[in-house]
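Both complexes below contain subunit A, partnered by subunit B and then by subunit C.
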Partner chain A sequence: MIEPPTTQPTSGYRTKSNQNWMRVFNVVGPFLALTAVVLFFAIADGWMNGEKATFLTGRNLMTISSQTATVAVAALGMTVIIIAGGIDLSAGTAIALCATVLAWSLKEDLGPRWFANETTASVAKSITEAKGDLKQIEREIEALAGGEYNTTQVAAKLMAKSDAEETIRQHERRLTKLKSLSAAVAVGMSLGCGAFCGFVNGLLVSYLRVVPFIVTLGTMQLYLGLSKQVARETTVRPDRFSQVSDGLVDLLSVRADALWLGLPSGVWLTLLLAALLAAVLHWTVFSRYVFALGSNEATARLCGINVRWNKIAVYTLSGLFVGVGGVYQFSRLTVGNPTSGSGLELRIIAAVVIGGASLSGGRGSVLGTLLGALIMSVIANGCTMLGLQNPVQDMILGVIIVAAVALDQFRQRAVSRKP
Partner chain B sequence: MSSPVLTMSGITKSFGATHALRDVSLDVPAGRVMALIGENGAGKSTLMKVLSGAHSPDAGTMTLNGKPFAPSGPHAARLAGVGMIYQELNLAPDLSVEDNIMLGQERGRFGLLDRATQRAKVRDALDLLGHSDLKPNTPVRELPIAQQQLVEIARALASDCKVIVFDEPTSSLTRSDVEHLFAVIRRLKTAGLGIVYISHFLEEIRQVCDCYAVLRDGQSVGGGDLSDATDTNIVSLMVGRSVSELFPSVPHTPGEIVLQVSGLSGESSPVDVSFELRRGEILGIAGLIGAGRTELLRCLFGLDRCRTGSLTRSVSEGERFTKRGCQSQVQRSPSLTLRVSEGFGLVSEDRKTEGLAQSRSIADNMTYSRLKPYSRFGWLNLKRRRTAVADWMQRLHVKAASPEQSVSELSGGNQQKVAIARVLHQEADILLLDEPTRGIDVGTKAEIYRLMGEQAAAGKAIIFVSSYLTELLAVCDRVAVMSRGRFKEIRVARDWTAESVMSVAVSVNETVA
Partner chain C sequence: MTAQFWTACLLLLVPLGCGGAQPQPPPGRAERPDVIIPMGLLPGGQAETPVVPPKYTFAVIPKGTTHEFWKSVHAGAENAAKEFGDVKILWKGPLLENDRDGQISVVQDFVTKKVDGIILAPLDKQALVDAVKDAQAANIPVLIFDSALQDESLIVSYVATDNLKGGQLAGRQLGESMGGQGNVVMLRYNTGSESTEQREDGFLEAIKSGFPNIKVLSSNEYAGTTPESSLDKVTQILTKHKGEVNGIFAVCEPNAAGVLKALEESGLAGKVKFVAFDPNKELIQGMADGKVHGIVLQDPVTMGYESVKRLVAHLNGEKVEKRIGTGEYVATPENMATSEMDKLLKPQQFE
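Now for the complex of A and B:
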């Protein structure tokens, strides 16, 4: 019999201090970067704009958070994909497709037609007519007031006026309801469209066994084409007054009366989704499989994990986030523009990478991704404050992405360099 | 004894708070083969990395060929005359033999290659190896693995090296290739080179080496002429305690049949394999590299497609897999998920690229195949899992800081234990172990043998593939010998000898059912 060794072997512990340091760095790193960037712009803004410095005001920070939301929410989904060792280049055009479908759904009154058998246009027309009537009555009252009048006539007219006002209010209430219904259906369409796009990506990646980079490069173009088709090669413009619910537009608005507990509701929603996703990534069986896939797919297969369905689930889940991103995109633009998503995918991926995820899979965090997205928005916003032009912003962003990826490579080498 | 061509003295190297090497000294004499022996994590590879310039030592000096030697990096070390032959080959598969040999040391002027000089150099190197038959313009990809290794050795020779280090060079070679390699090493020895040979196999070391040095926990603990030392001496130096039993056996008796395989054929191998496996049995599979042993396991597990044949899984009392009743016909090309649910578990021969998710924690790696006990509606109870994993780590003597430590930070032997712990945790009834003891030290090997015995005693059926005959014959109940994808012969283990196994393994014509 061999006795278990009494001396502690060194091999298991050898790199531990190094590893712990790395782990701390992975969490603290993005925080430090964000703080550094914020400090830099705060100081630069104060120095250049003096008294008129606005960078570090609550309002500006709120603007930054609202500008971040679209990229951040889509980046949450992308985090899951990247942890699982994949990538999704179609996220940008898929967001545009979702936003376009949403706009189209509003414009076509899908909700009201399906569930109330009415159109917003007819109600809006009734309102216009009722307003016309009201004007007529008011003119008649004025005419009466000018000449001789008898009280019964005036009383009748005043009654008619209040009736007309009541009709208008009724119609307006009706319209608000219809707009909410329409918005609900349209948001559902956007989410469904996003999930479907993700599902298609997942299906292709797992059944064609082509690398995700190429598959999603293809679907990127596919979704662009689809949204152009939906929009008939123009921009879908639902009527702002009669078709677009205020709640939808105010999702990311920083107007004081649109805020909810001090922040735009869309920002709250993003934070809520992030918390939910972080919990899922920490405490679920699914998350173990996601990390296993990204870390070593062969191992996942060996352990009897259903690689195909888990991949499809990963891409579909990410698609849902893209759907939410589509809603935000529409909320900011209030139109459905098929080309509005081009280039967005790179900012989404950059957010994830800056947040410390590894493009070779197996590593990434929700908090990191949020910080990554924030860092990019702060830079964009700060540059604007300093009067730096768009080209400069792009260049800075490019440098930061390269630095983040280089840092990732450095970390991987540091981990794999075993003594 | 000739004067040392390489002297390393007082080498010390630490990583953080841990000492990987403490005051290690090593003299490599010219014209002799020195075995460097030690368990995994004893510091052999660190010492060799110091020699090859990959690490610079914290303290200590080296002299090579009488001159002080302090390489600034691997390239400098190579130019100074240190050649390294690693387990994994470092070749550019699409370049020719000549280009590979001269890689990094091309002769030429103004960026133009001096082909004639190069060819002469390559010729010399290959002649020295006794393999002038190797054609310099063949792409390396087309060569068998043994000849690729020769190319690597030739590369070291072409840079006029004084010392060559062989790090586990035989792990991917067949028996006859090993003989050829040893012949080559002997030639190099006669040419006056100093040779360091690292291996876990004492038999090999006895065959090819003249003297030895043993490392343990980063320190030199002994050495001398091999002829003066017994295996037991060496092993107890390695493990730091006396090892009374290298192959601990746990009594177990084979019971009823759990798996009946008939006429199983894969895409190219296995070919028409039939056998039955019983509860409480360890079935060994011997054969040369490429005999189709790994492919057989992969077919059984559903990783590779099977063309024909059938598997019948019989279920007896007390097994976890009972939902299909007795005598279930197992699909030939099922999803792996199904196979796992049928009670199969596979330990891959390749820990790095297949067996383990290296960047994930021990806990994750151990429980991937069965998370059910810790989950409810898809949500995990991490605390409960941690306790269970810690329990398994203790049972298998896995040395690690915590269940959350990532597998890549563990030594090879501990990684292997995690891989085995996974199939045990999975409660698989049929364990398919592919080279489970490759590249791990003697002490851990013995632990794994004991574990296998215990599992068999607990009623598991084990298929044990190994290239190390001694362990197969010592541990298994029956041993089957494969050749060219076929089962040549299957006998009770004690009816085999190492010679009879080899003679069956290399035979081609004779077919025995």
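Now for the complex of A and C:
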């Protein structure tokens, strides 16, 4: 809702108690919603499946957290944009672009070729060869053991065997190093790509003076096209064993040995980023500018805030989170698919809105966004656990989103009515 | 006020949730007596001493849930579930047709739920490998249908159409109906879709090897996933190559629906030879009207049926073949009235 210019910007004129009430509400609203949804599914699961109920098990909650991470991390960036009164419809396809660029970088061995002047394929080949040699030596030893032999012959063969094993180990260590190097470069490219996408969005929004909805509607298609170009209109598949570092895949893996303190490391990273962002939004001057932009852009300009550059900064920052989202998407898929981001932007925006942010700008919270993203994954997971069909899942999600927006409107009216 | 509001939301959810659950109530133990055993449907040798068959819950995960094809697979799976007794089918696909991440989540959820077996049509041959490994680690057997998985050592069996052969059949049918002369257009489906890429390869191979006088005008255009996008693309191609196109191959059902519409709108229906892959109502009518000259058919009902059957066999300790073909057929204007083709053209669907 665009408020008429005569209305006073709300934040400056709120009473203290009113403000506190708002703050409590911001956190409690989404939290109550999450509790309600979790309780609903836990009870329904217990009722339908009895002893076989698995919804409230630790493993399931861990799985949910892993499934939420991609949307959650991108939604963190989107929160900043929405607080600043903007929106980014290109986030979904930008995530796919980042993931595709990452996959492409791994597949082309960019890291190893730039910094080690070597390719993973050549090392993988030497490993295969060394393994062949080892087999040959083992066969020879067996043949010796079968017939007449003298000890020096056997000793020589055994030496050769241990040498061969050592060579294999060396090559494998080399490959692991190369894979890590490749992964580091690829992750860097993904982050850079995300930041670049955000920067372009910011630039266009600031300098074209077109509403972000339309600008990002355009860049959404642009990034989709770019990722298809990078992928040459197919799926980019780096070799899972010789090119993809295990650390990259384990980021969001739910395998027991990939977890760190009970959760996938990617989930911890998301929480860390969320904490950092929350700190930025609470204690920096930049965050004051962001809230000011979202509350009333004209006033912000009159106050001497550099609207253009702050907008660019906001979109670029969000782009970084999109880049992390790209890393996460790759971690889950282990391939780069240009089309796998379409539709993701709506889930990202929904997470922010369910989390209590206002689409008219000026309000939003990091914790709320995380809870909003969680609510959606819990619904998806719970519906599978209960054996509910997709139409039901879609409808429940729809109801939740409408309820969240309705609540926002209701709250705005309640606030403006109070003195 | 907040609490009240969210309670209201919850109350809203409850009827929705129950409404969705009712169409497929969990088969309560009481409703399913052991009557099934005397019917002799169990593997031989057990008929004399009635043993309560193990109750299996299978998750069947298609690539999407809105195409008619999957509804037929679902019907086949339910047929088998009924035939083999106490098997319960949990049918759940990703929300969007192309959502690899969503499909991984669904597999993970069923692994957590500890179903007895998973029957999966992977959206991506590589992306789903790790999810299937998770299932294996949890001792849940996985059977793959429709599209392949990269690592075949992880799976019980692969039940599918031979898409390359299906594409070749389409090529031969189109070539023959064109009399071995003229120009053809092939419409691709979507980037990175394995099964349709195989059909496309098969088609081009058959045209190249069998019909030297047929020229491929266009084979690199992607028609997209919906009839609308396909209609737009075909209209553009027909305008670009005005008067030159003698034959069109559409590689899957949404594509074909768009092509048929485009041919009808440009007045070329019947003049341009047209072969489709997978049927729908309009295409069948089109074939009766002489606008469609061949439809390559798969057998989704058998696919669903065989998948459940083989997984039950595996759980009962029997040996299951690694690869099971479900056949591919060509319906032509001449043979479409036969009962065999009629059954494939209008496959059973899950209600």
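Odds and ends about this structure:
Quick note on the criterion: the second predicted complex is superposed on the first by the 394 of 419 C-alpha atoms of A that agree within 3 Å, B and C clash if a C-alpha of one lies under 4 Å from a C-alpha of the other, contacts with A are read in each partner's own complex, and residues count from 1 in each chain.
Going forward, a residue touches a chain if its C-beta (ideal position, glycine included) is under 8 Å from a C-beta of that chain, and two chains touch if they have at least 3 such contacts.
Only a predicted model underlies this, so the values are computations on that prediction, with no experimental measurement involved.
Once the two complexes are laid over each other on the shared chain, residue contacts for A:Ala300 go to subunit B alone; subunit C is not touched. Partner contacting the larger number of subunit A residues, of subunit B and subunit C: C. When the shared chain is aligned, no partner comes close enough to touch A:Asn150: not subunit B, not subunit C.
In the superposition on chain A, A:Phe286 makes contact with subunit B only, while subunit C stays out of contact range. In the superposed model, A:Thr339 makes contact with subunit C only, not with subunit B.
In the superposed pair of complexes, A:Asn60 makes contact with subunit C only, with no contact to subunit B. Contacts of A:Val392 after superposition on the shared chain: subunit C is touched, whereas subunit B is not. Touching subunit A in their complex are the following residues of subunit C: 2-3, 5-7, 9-10, 12-14, 16-17, 19-21, 23-24, 26, 65, 90-93, 95-96, 98-102, 104-106, 108-110, 112-114, 124, 126-127, 129-130, 133-134, 137, 150, 190-192, 197, 222.
Taken in their complex, subunit A has these residues touching subunit B: 1-5, 7-19, 282-286, 288-289, 291-292, 295-296, 298-306, 362-363, 415-416, 418-419.
Touching subunit A in their complex are the following residues of subunit B: 13, 15-20, 40-41, 46, 49, 55, 217-218, 239-241, 243-245, 248, 301, 303, 335-337, 339-341, 346, 348, 353-360, 364-365, 367-369, 371, 375, 378-380, 382, 397, 399-401, 405-406, 408-411, 414, 422, 426, 443, 446-447, 450. Of all residues in subunit A, those touching subunit C in their complex are 25, 28-29, 32-33, 36-37, 39-40, 44, 48-49, 52, 54, 57, 59-60, 63, 66-67, 70, 228, 231, 233-235, 237, 240, 249, 253-256, 329, 332-335, 337-340, 342-343, 377, 380-381, 383-396, 399-400, 403, 407, 410.
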